[in-house]
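Here subunit A shows up in two complexes: once beside subunit B, once beside subunit C.
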Partner chain A sequence: MRMKTSRFGTFYLSLFFVILYLPVLSVILYSFNASPSTAQWTGFTLDWYRTLFEDRVIAASFRISMEVAVITSIVSAILGTASAVVAMRSTAGMKRAIQGVMILPLLIPEVALGIALLIFFNLLNLPFGHFTLVASHSLFCVPYVYIMVQLRLKEIDRSILESARDLGATRWQATRTIILPLVTPSIITASLLALAMSLDDVIISTYMSGPRTTTLPVHIFSMMRVGVTPKVNALCTLILVGMFFVVGLSQLFTKKRHKEDL
Partner chain B sequence: MRGCRRWQLNEHFDRQYLLNYTNFTTTIVAQAGKGLFVKQPLLSLVNINKFFGDFHVLKDISFDIRQGEFLTLLGPSGCGKTTLLRCIAGLESVHSGDILLNGSSIRGMAPNKRNVNTVFQNYALFPHLNVYDNIAYGPRVKKSMGEGELKGKVADVLELVQMLGYEKRMPHQLSGGQRQRIAIARALINEPAILLLDEPLGALDLKLRKHMQTELSQLQKKTGTTFVYVTHDQEEALNMSDRIVVMDQGVVQQLGSPRDIYNNPVNYFVTTFIGDRNILQVKVVETSETHAQVQFGEHVVTIRNSGQHRIEEGQTAILAVHMDKMRVSCEQTANAFVGEVLSVHYAGSQIRIRIKVGNKSITVVEYQKIDCDCEAGDQVYVTWEDHGATLLPPEDGWAEGEV
Partner chain C sequence: MQTLKRNLLAVPILVWLGLLVGIPLVFVFVLSFLSRDSLGTIVFQFTLENWQRVLDPIYLRVFRNSLLLAFLTGLVTIVVGYPVAYITANLEPKKRALSIGLIMLPFWISSLLRTYGWMILLGNAGIVNNILLGLGIIDKPLPMMYKFGTTLVGTAYMLIPFAIVAIFNSVDKLDRSLLEASYDLGANRRQTFFNITLPLTLPGIAGGFTLVFIPALGLFYVSDLLGGGNTIFLGNLINTQVTRGRNRPLAAAFSIAMIIVVLLVISIYGKVAKDDAEGLFL
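Take a look at the complex of A and B:
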């Protein structure tokens, strides 16, 4: 009886993963398909990757995406960490207020957020481009950094900070020499997450992109209008590999962090 | 104006000098005829009050801490001893009263500005810094010495706590006792006027705790640093301290030498908290200057009366006698209780004998070979050393049914 349940469990789980990952696998597979149609497999080729790298528009939008993502992750790392540190030092009421403000962007539907930002930036007469993209991406990335850093701060024993003060450190010195080194792994993990989220955001980026600043996901979306070409498959495969790399890197930092704990 | 300032500087220098070398400067200063010397306490607590919300944690606490002493704050958990320590360190604020260090108020001063350092209960070592950097932390943030001088100082304090050679270790690679030593070294490198220790041995096992007790008091003597030590363990307090402050419910119950606290408790709380005592309700028959005659059941015995309490004839009183200062004898003795042995327990080095006297059961702890090889059911005579007994007037908190 027991055996049967466990066998069913294994089967169920396998099915689950197959259904989940089959489409992803097919994207990778078809990126190497010689035929431009997804209907049949006619042979192995790297042609799609070659045309991909020759495509200037894709290269340009990739560059924009990367620039926006890197700046976004830096901005949200700074803002998120600062808010978490301030929240830690605040009274209970203030802490709750900061928490609320931080979580809010995650609760607002992205479509609504996008439209709101569009109207807002339009009103301010700001040109849509790098700035609007970074500002809007930071809006939904800061909360993730805040949450992750705040979780780490909670783990830090309060008496460590007290002993730093006791030994002669000013508030700022204690923050710089004790808190920041202890939360750095969390900050790095969180900013890699922010990088990943900024890189694959479509909805808000659609609203925020300027005429010459289309991000990669927005461009892919527009390419889809003329049908899925194997070039898109090739591009998605590369993005997938890139993301795995980023996530793997962040895992590495999480591991290192646990080693240091007493 | 300029002259005035210089004079102030001189006075300041003199004071520091005095405080550091109180003993032999006394004569020098007297000879110099400056008349400046007043024996000032190192730290004075003046009517300290502290609330956590509505809870009155510290109630009007006042006492002085002397230069170079080992002072212990002793009390049950929740008595406010750790809070008081944190108030001295500056980690908690006080609601009223004042804290004077070398005569000047440090109330409201940030913890990093106070010349006192704390050893925390859980050591609070910085997990991301190695032993060397942990110890060097204080001088570095205060920029009080160059790296060259620092190197020698770190080696000095490491030698003091017998941890030379551990500079490169990370805190998580150290045992509890080793972390403890590093925490002490990290505080001592700042040469604090007072070292505050918050139950530093609480997390160690019994054997290591005993060992560290000896080491701590040796360290205190060697460095001459004033130690203020918080503990709930009376044995620790009696072993190490020059003076003990017994606290309960935010109030200082008694302040005195270990011997004083142990033999002459001032009230019912200290009597029951320190040492193991048999407590009996007695009737006072007659009092003299040094002794009192009291009646317990049909026994009338003479008890030492220290004279610090008002014991009135005809009143009831509390008689408290140290279990280990009582003796059991088979022969009839004067000034003794007669009782029947209920049980005899051999507990290693000590023998615990329970004896029924009147309607009460008392316990006698004997260490040596007993004069009287008694068994349950035997009739025995119980005597006691004169200074082992204390007579107290009845008071609040004394419940007859309890004893």
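Take a look at the complex of A and C:
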């Protein structure tokens, strides 16, 4: 029995989505405003985008963010997938242990985790930069890859694996020829999500950036603290467009396999 | 022997994560009992001073602010998000997929952008004030920025997708024959909702609350940008102590205190949802 959605229900849902997207749309709209203030609309302009491309500091931090995000997503894809496959194979107790350490970074507020890592890397005398950024970002990205891959693994029919083994396939062969192809769409989606999360991280990056490796979000945050300027709007809009391109890509991979899971 | 071999591959994973999470946390704990000199350099000398300061009335107020913010954020996201999840779960397949997509999409949108959007909407020269002024409803801008409420709106807005997803999952799992039975036995919609639906989706509510509460304790960039530092929260305090105050031992004590709060909330979640922390994600 599926209850019919009432008119009020439809109204509530629509209102919710309007409010959910209103702030986002406002940012985009005012990136094209000729006036530097949101007080008035004085005409359409692309000037703010031009000043953006002339800004060397933004370009540099964008590069660092991209480098960190790409490496993080690759590292997370490998470690997350490996963990999920290993967890599937391990004994129940070991599986619980793996899940326990996986969700640990997700349960600690980012500020606390960031400070813990800051103190840790400081004590080890590691220079802050790409390495510390990738290591810390992968800490909250690996668990998401693990969760998504492990959800897919649960759906795989065990009997296929058993028949492969019966037919003489080694453990590794069975993994490579059966499991990996089946989980690949999940791995791709998960690593794109890892890319997005790494590109978006403000809190941990605040502590993990070195003097010459400020990431883009950390830089944007310092710009926003000064106040509203259309340049920030333009920058945010560009990031949004880039990110939607990534979402589009990930949709392409997931659409084929599982349709309705959240 | 066979079990040992099966488990061997898991060891590097445990070691890697343990190294990066466990050891730093131990360090933070130890650091919270250490002193520092006037330059901010850590001195290896045992002290309870940092913990005494955590319990100082001034800092206790910061604690209260943060707990209140995190609690209210949890409450608001559940109250606003529950109907969204409930309605979505009952939509016809096509609309349902669209609704799910719209709920999930913010996960991909920069969180700074989403915070900044509220600065543009609520500022004195912001869109809301422009519209109200234009319509002649007010004659001078309403000050809406830099208040506790502004931070609450921003934090709830940032985290509501987590709450909706958690509730949606439990509403979607609901055995609909129970609802039918309830109607057949003469219960009306309200009675059915409060006696059947709500109790059965309680684990989802508890899960959503926990998933929102934890990050709400530390989202310092939201309270910085929207609250303007008028109300001090734990996240801001810790952040300032590390980046400007150069008092890492104090920041460490506050971080440990924050983690203790999180552990408490998770154990409450466990009691309510009859599940462990893993149930939040898996």
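General remarks:
Keep in mind that, in the parts below, the second predicted complex is superposed on the first by the 252 of 262 C-alpha atoms of A that agree within 3 Å, B and C clash if a C-alpha of one lies under 4 Å from a C-alpha of the other, contacts with A are read in each partner's own complex, and residues count from 1 in each chain.
Following the convention adopted for this analysis, contacts are C-beta pairs under 8 Å (C-beta built on N, C-alpha and C of every residue); 3 or more make two chains touch, one makes a residue touch a chain.
Please read these numbers as outputs of a predicted model, since none were measured by experiment.
In the superposed model, A:A92 makes contact with neither subunit B nor subunit C.
In the overlay built on the shared chain, the residue A:A169 is in contact with subunit B alone; subunit C does not reach it. With both structures placed on the common chain, the touch criterion links A:D157 to subunit B but leaves subunit C unconnected. Shared-chain residue A:V226: touches no atom of subunit B or subunit C. Note on subunit A: of its two partners subunit C and subunit B, the one contacting more of its residues is C.
In the superposition on chain A, subunit A positions 260, 262 are in contact with subunit B in one complex as well as with subunit C in the other. Within the complex formed with subunit A, the subunit B residues making contact are 89-91, 110-112, 117-118, 120-122, 124-128, 137-138, 141-142, 170-172, 186-187, 190.
On the subunit A side of its complex with subunit B, the touching residues are 157, 159-160, 162-170, 173, 177-178, 181-182, 260-262. Of all residues in subunit C, only 3, 6-7, 9-10, 13-14, 16-18, 20-25, 27-28, 31, 80, 83-84, 87-88, 90-93, 96-97, 99-100, 102, 104-121, 123, 125-127, 130, 157, 160, 165, 168-169, 172, 176-177, 179-180, 214-215, 217-221, 224-225, 234-235, 238-239, 242-243, 248, 251-252, 255-256, 258-259, 262, 266, 277-278, 280-282 touch subunit A in the complex they form. Put simply, subunit A touches subunit C in their complex at residues 1-3, 5, 9-10, 12-13, 16-17, 20-24, 26-27, 30, 37-40, 79, 82-83, 86-87, 89-91, 94, 96-113, 115-120, 123, 135-136, 139, 142-143, 147, 150-151, 193, 196, 199-200, 202-203, 206-207, 217, 220-221, 224-225, 228, 232-233, 236, 239-240, 243-244, 246-247, 259-260, 262.
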